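Once you scroll down, you'll see the structures, which are given as structure tokens.
Look at the two complexes coming up: chain A is in both, with chain B in one and chain C in the other.
Up next, the complex of A and B:
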């Protein structure tokens, strides 16, 4: 099921942007689609490099990270409770608003 | 080299070339950037070509390295569908397929690698595949219907990834490997054994110690793969995945020093100081391995060399050396490795071989490489331990109840805290 929601992005250079987006396979795919190009995601979305680290706030519950994602997150210097890997996060259909802040480079 | 008038020309718009263009701009370069790619489509990531993209789970736009607007916003002159035919070092210019010349102040060769061909086999044969471009993958996907039987010639990472994808699509899959085990040149025996068992349990047929003698056809269409020992495997398609060869022709023609890839120094600089070669096409010294010269085929290496070459071109401080890393996904197994096990004197197993473990390779009591199965924590900690070059205790390192990151001693470098 595809659902649209409001995606609010704070980019690494501090600029912000809000767009309505159709949901996709992962948050990373969404961010690429709206042109957030500072995310390297060098492993191509396979939870292997943690270069797609973002901070996420949503207006509803998000799926919990699985063990691989948790382990990668734990190794990051800039980890906070809002940390997620964009490649691993599938935005749940109940979400209508999502704020994503691109984390600093490690 | 940072004047507004200078021009950097990049040949190859894969991970290495696009990364170099990106780092030039983020590093403050205000001159001209010309990025040439020989494919018609926006630059894309290749690793999913044997995995999610092959299975049809994601589309080509999900593979884009950067959005279309990025190249415009960053003032990167992206020229797609153009082959570069020649480098003239005296003129400091390259010749394009249409005969025009483009001058450069610095040239970056990022032409990548291509699949090694099976010797003595005619290349054009219906049903015979290799995997390098998204078009290769699209062709192969059409051949992977549930009634298909695909033979993978080569039990390396790509062969195994394609086998797993084929099974997910319902096709039969047979892997033919020359050596006595899968991944013989690139992974340790515990990893090979685990993956072999995992693939067999999911219906992949694996034949080791087997060399292909002939591909048999009927009316120009592949029908059987015949082995040297006479065994024949009927199939609807075959993929040859027996390693890669560097696309170093331009470098060789131009007289750059080459030896199984374009030879470069620690910054990716070739024997011509104005020319750099990065990514799969280059052969480079590895600082964590006594500067042994090696050719690496990986995304991580492409990005690292792009960063090093750009810093050298811009005259900026050299970035820190990185420990090489690699990953592969097969079925739901996540394999990750760091470093290379050159001349390791012993091997330690952390955890049981059942679904989650790591293999540590040591030399002179230091960790030089780690391979992990479904263990991202060990992978990241291991990579940092390799970089720290510190002596580690075997008993602690082999104890899966002791977090690997706890072995990293508190040095001055804050990055070593995990």
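Up next, the complex of A and C:
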């Protein structure tokens, strides 16, 4: 069952984009689909490079990061409690609005 | 129905004009990317060679394609009854067996995170003051009007000096490690002689001895980072498997020795290549001089153009399906990572330096789970060197003698980079 939600993206230069999207395999795939190219995802979405680091706010609960994602996030200079790796985050069906801010480059 | 990939049907690297080294690599890319065929190449020994960006990404991120295990890299070392004195490559294999680039799951993930806890972005940012102090000293020693070899006098001096100070090595020990790192260049010759192998074993033995000494000193001093590595090592509960998973390092010294080969050797190449690129693109250097915040972008583009690594090998862990073909397990695959950065399908006009070029898809540091974890430290050292040149008002001018790139090599490496240093306070 596909679910649509509002995706609000804040890029590094402060510009924003709001669009309605259908859920996808990962947040990284969604961001690619809406043209957020500044996330380079050097490792190809394999939780190995943390270049897809984003800050996420949702209007509902998100699945918790697995241990590999948590350990990668802990190596980051710009980590905050809202940090996630876009390649690892699957958006839960109950979410109707998601704000994603692209984290500064490490 | 999928068929086994007939590797013998592809042209060899030599037939495609590849012999190694920077100048030949550039020529190779200009030739091979003129057309979409051949899709792949092969080595004389029958190894598949991947060079097109789409395939580098596909192979590089596929779980079936893993790191080249140490037992496949140095099989003689792991034969029953093998003896150190009779086995060329013994010492090299011993050191490299501690490197995460020879590990596969399930050992790879925890070992990689152990390394990132030590030299990930957060930790590297805390090392900047040390890097700056070393760079300031090294660059500060160069007199106005002096012609130097930038490779030896700056990039190697800063890189080796930095790691040596971080790891409690004396100046004399640092000199010895620098010499060993220089000898490591032989490891990447397209064809290595017996003499090369002997020198490599000698160099790696000296290098490993010093890194083990550094580990002992650091642990005795209570260095938190080294104590953390020691703690994480105890948690690595895996059996040794040289032919697939890897060999669990038995000491902090083994972790340092295995994983700083690139720290001491390849990081210096990255710095030298970046300086060379900017020197030959004066408009980019001027832009960075006026807007230092653009330095990271300039470094990224310089390393796209002149990545330190031309090619490294991976290994087919499980049968891999690529389009209508099957690549069986047990095959080695040569990945010409540098060619990904020069593929015009992804990077139009690839030999042109473009400061604002989109950076998605760079293959400078590989891709997939084996992407280089040391890139943060390497890029930081390059940036600090350039910042120090700028802050000391240093201008680098090409010398009469031209830079030389090492030919017949799997690295994109300057043998010598003569340059004349001018200092702002002395310019009229």
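Here is the rule we use: the second predicted complex is superposed on the first by the 106 of 106 C-alpha atoms of A that agree within 3 Å, B and C clash if a C-alpha of one lies under 4 Å from a C-alpha of the other, contacts with A are read in each partner's own complex, and residues count from 1 in each chain.
We adopt the following convention: a residue touches a chain if its C-beta (ideal position, glycine included) is under 8 Å from a C-beta of that chain, and two chains touch if they have at least 3 such contacts.
A quick note: this is a predicted structure, and the numbers were derived from the prediction, not measured.
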Touched partner set for A:48, first chain B, second chain C, both or neither: both
Which superposed partner A:4 touches (first chain B, second chain C, both, neither): neither
Which superposed partner A:105 touches (first chain B, second chain C, both, neither): second
Touched partner set for A:29, first chain B, second chain C, both or neither: first
Which of chain B and chain C A:71 touches, first, second, both or neither: both
Residues of chain A contacting chain B in one complex and chain C in the other: 37, 40, 42-50, 68, 71-72, 74-75, 77
Complex interface listing, chain A residues touching chain B: 24-25, 29, 32-35, 37, 40, 42-50, 67-68, 71-72, 74-75, 77
For the chain B and chain A complex, residues of the former touching the latter: 15, 22, 45, 47-48, 51-52, 57-58, 61-64, 66-67, 69-70, 299-300, 303, 325, 327, 329, 334, 336, 374-377, 379-381, 405, 414-415, 418
Touching residues (chain side chain A, partner chain C) in the complex: 37, 40-50, 68, 71-72, 74-77, 79, 105-106
Contact set on chain C toward chain A in their complex: 57, 60-61, 109, 112-113, 116-117, 120-123, 125, 296, 358-362, 365, 367-371, 376
